[in-house]
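In the two assemblies presented below, subunit A is common to both, partnered first by subunit B and then by subunit C.
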Partner chain A sequence: MFKKSMVVLISLIFTIVSFSVVFSSEGPAGNDRKGKYTYRKVYKACAETGEIESATPKLSPADKTMEQWKTIFEAKTFEEFGCKDNWAAISDSDILDIYSYFYHHASDSPTPATCK
Partner chain B sequence: MKANTSKTFILILLAALLLLTGCVATQTTKTSEASKEDMSWMFPDIVDTSFVKTHVTVPMLDSVMIIDARPYKAKYVKGHIPGAVSIPFSEFDKKTALLPKDKNTLLIFYCEGLKCKLSHKSAKMAEKLGYTNVKVYAMGYPEWISLKDNYASISVEHVATQIAQNNTMIIDARPQKTKYDKGHIPTAINIPFSQFDILKGKLPRDLNTPVIFYCGGLNCRLSHKSAAKALEMGYTNVTVFAKGFPEWTKTYGVSNETLQVQAGEVEGSIELERFKSIIANNPETILLIDVRDADEFAKGSFKTAVNIPVETLEPKIKDLPDDKPIVFACSTGARSGEAFYMTKDVRESLKDVFYVEAQIDFKGDGKFEIKKSK
Partner chain C sequence: MKTWCYKKLCLALITLSALFCFSQTSIATPFKNNEEALGRKLAKQAVKGSERWSTTDHKKIHALNQNFTSGEDITEACLSCHSEAATQFHKSIHWTWLASGDKSDLRYGKAGFSVNNFCISGNAMKDKGCLSCHTSWNNKGVKGEVNCLKCHNSSGFNFNEAFTDLKAFLEDDDPETKEMAKEIQQEIKQAVTSVTFPTRKNCGDCHFTGGGGDGVKHGDLDTSLTKPNRMLDVHMGIDGKNFSCTRCHTTVDHNIAGRIYTNPAVETRKSLIEDDLAPKITCVSCHSSEPHKNDSKMNDHTDVVSCQACHIPKFARVNPTKMWWDWSKAGKLKEGKPYVEKGPFGKPVYKSIKGEFKWEKNVIPEYFWFNGSLTSTTADDIIDPEQIVKVSHPVGDRTDPEARIFPFKMHRGKQPYDKVHKKLLAPLLSGKHGFWTTFDMNNAIEIGNKTLGLPYSGEFDYVETTYAFPITHMVAPKENALSCKECHIRQNSRLAAITSLYLPGRDKSGLMDTIGWFSVFGALAGVLLHGLGRFFTRNGKEN
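After this line comes the complex of A and B, so read on.
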């Protein structure tokens, strides 16, 4: 009985550890460096249309956690960013890059974005 | 009466026939006279493509010289029979030093096809100089290049033009680690001949895209073998830069140093060890741009770096020089990565642009610690 319990316990620990490892290495596989440039470019284009006053994006990756960005980007709910038309025109590949930029530099990521 | 009419008719017919034969005879005589006249400029010893092909070897034998008598810039540079030496007829007297010392060497002259007299005239002049084994490949370059398995060699100037026009794929057929990684022609990709079958997927999808193969110079066969394989695959515009990388470095020596910038694992990044080596040994061969803010730059940067904060970079991209590779740096790779993508976006024609994907801790006085990004 004790042996059985030990086996179950070890299996459980192994499963939990495996899941943690998998989830800790999760994240979008886009190009975060490119995403940063594309994100700023979107706002610059938006400012040129007069929809916003400043070309400086109002949201930074460090404004939310990885999980929060995951929810936003997976649901594609970009209202908070403003510049609706510009977001609608971004390709899926560019969206993935921007998502990678936000996710990998979120407030709880190993490398949170600074103001730069 | 009837008999008389028949006789008259036969006589008229015969007369007409005679007249006609006379005319033809006269015409034939005239044509043959004209031919004789035309043929007089021709060199008597004419050879065909198969003869030439048996004498095209890599490297070329000392006992054979194939000579392109066409103008250098207008024709030879853009395409010539592999191994051929350029001695334009107009410069024959000035360039006799290029001819072999041994007067028994087989000399094969060619130019732009049957109507081209340059090779014939050159051959005659060579005979006057005492060469005993002179031939003319009268069908010349047009015939050579029209045949399915043949390809042309090109000169270094044409390679540079093709790079500038950005419509050609340049392929370095040398081994990667020992050769390509140490320096290659700008924009060239690496398909070592030994791995051609594995890496041939790197070749362009469009079989009409011009492809140029090169390797380590006139004694190197790798580019020629690769070209033959590309022709087999159906590529229609295959050339070999036979003088290869040694000629490139000789002609564009300064930019050779710049070529040694080597891409890293991440798109756009410079290989870190190579970057460190450049900074330590020849930092003047790259334009190093620190894209951090001015106050950060003031506290310490690379000795040869110039400061253009990423926020102010965009309007200055059009004025960046293109004579050496540009490398962007910051402290994490975030701003330099942004600078890289901005430059590629704003000025696509700038080819040698990189950024340092690493953690850099600037210590002041040009000292720094650099670590690979996690």
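After this line comes the complex of A and C, so read on.
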């Protein structure tokens, strides 16, 4: 009985740890490459409406840490990005792609976004 | 009669004093007239009609109007017209990263044994982090194809990123990404035809950010020179002459003049009047060796003092530059993770991957005798770790007729050396096995030295080093040039360290002072005696 309980307990701990490790290290599961272009398209469209002068996005993934992007995208608080109407029109799957792009290229990620 | 005499005597004394003072002022200050200085006149002539013109509109070139799928395809299109460009370029230092034309001579150059006290070594092009500045496609170094667009494209478009993404999207089944691929291809097509002579941005993408960031290395080269005003640089200022880099760094067969330790500046320190095909690499080329107005005392300085010494009063005038880099502090972690600490100017003062830094702005240069050559201590030279190691240092002294007093940025720091072999070391930094990933300096050195084929004993420590950069950009307008008092002053003279010559105002010699004062008072006494003699021997004659 004790042996069985121990096996179940160890299996449970193993499962929980494995899940948390997998999920914490992987981050959002969107297509980050696609997210990069979707993000740029948002600003191109926004610049065409005249709301902003330059089509170059003002925020880069390397401007914040993974944790900071997580907070922003999970709460869907996109005010800092500007172009409110354009952001409102983005589908959930596109948002996930953009989130993946920002998360996986954040300043403390293994591959921070650079200008090169 | 007595009053008349007294009045005349006073008048004579005042006149003499005024004459004395005026003669002193006329020596110390430049001759003021409306005549233009010779140096300015000649320079205007040298750059007359400097507007570049071309007989080709690259937008109309058939070879460039295609759907490129790789950078190498673009190079092939370029070479279909410019057939010899790659062959020429393969022989240049921008491609080989070796100072010698002989590829087996590894002594000097980023791809050879040369080291510095920034990111230390290029590890024979094995450090992929450095290769982002090599002029090849996809960081392949000399094994790759020449990326002509690195220097000849003004679009600012990121071709490497675009081709990587394009490849990934074309292999994807998602119809949306296929659509994105088409858009990328269109963007490439548009950008590729923005062909240009090298702009300041083209050169600056690497030379402004050398050493790992904006203004890190040179002090007189940073992104502020992409669009400078004339207060920052009279030659490159967009409201001034708006020179591109290649206006002075003239080019023959893709070899760009200006690499001074292999091509000393003195060899080309001649005016275009002497040789109109001479590279315009020095001030003298355009401004001549007597650049100031006639009778100006400043023209007497040009055989001893470089133009830069007075006309670049400070460097890093817009962006700060790195002045200290201590590798011995690198590798500290917080909660097992690398971290960054920021300090003044919003610049990092500590990075786990690189160590400790100090930054400065508006820096007063240090001055040395300089004949246009620099000595280098490479990873293959024996050092004395008890002394500060001069990794790069100017050559020249008072007795060298080609040497001038020249301004320098001295970058100081600490870097690893081999305790047994007494040589500087070349740790590999980027990549899977580099220090920036493993934080294991010993292992990084072992791999890094192996890339250069140099032995490593397995024991290392850190030694203090200096690296000298000649300051020659950021030439200020003439009204901001140094005044005489900056050097000719007893306390805090800019040339306090130049002790091998007598500098009036700074130096004091009892004998010189005695002779000087004796001459002054002797002359005064002579004039007075002469005047008085004339006065008292007139015997009351009025006329």
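Simple rule for what comes next: the second predicted complex is superposed on the first by the 90 of 116 C-alpha atoms of A that agree within 3 Å, B and C clash if a C-alpha of one lies under 4 Å from a C-alpha of the other, contacts with A are read in each partner's own complex, and residues count from 1 in each chain.
The rule is short, and it goes like this: a contact is a pair of C-beta atoms (placed from the backbone, for glycine too) under 8 Å apart; a residue touches a chain by one contact, two chains touch by 3 or more.
Just so you know, these numbers come straight off a predicted model, no measurement behind them.
Participant: Using the overlay on subunit A, decide if subunit B and subunit C clash or can fit next to each other.
Facilitator: After superposition on subunit A, subunit B vs subunit C: clash.
Participant: Which partner does A:34 contact after superposing on A: first (subunit B), second (subunit C), both, neither?
Facilitator: Both subunit B and subunit C are touched by A:34.
Participant: Contact-wise, after the overlay, does A:111 reach subunit B, subunit C, both or neither (first, second, both, neither)?
Facilitator: first
Participant: Of subunit B and subunit C, which one contacts the greater number of residues in subunit A?
Facilitator: Between subunit B and subunit C, B touches the greater number of residues in subunit A.
Participant: Could you tell me which stretches of subunit A are touched by subunit B in one complex and by subunit C in the other?
Facilitator: Looking at subunit A, the two contact sets intersect at 31, 33-34, 36-37, 116.
Participant: Quick check on the complex: what are the subunit B residues that touch subunit A?
Facilitator: Touch residues, subunit B against subunit A: 266-268, 292-293, 310, 332-335, 337-338, 340-342, 345, 355, 357, 374.
Participant: In their shared complex, at which residues does subunit A touch subunit B?
Facilitator: 31-34, 36-38, 40-41, 105, 110-111, 113, 116
Participant: Which part of subunit A faces subunit C closely enough to touch in the complex?
Facilitator: For this pair, the touching residues of subunit A are 31, 33-34, 36-37, 108, 115-116.
Participant: Quick one: which bits of subunit C touch subunit A in the complex? Just the residue numbers, please.
Facilitator: For subunit C paired with subunit A, touching residues are 132, 158, 160, 165, 168-169, 174, 176-177, 180, 183-184, 337.
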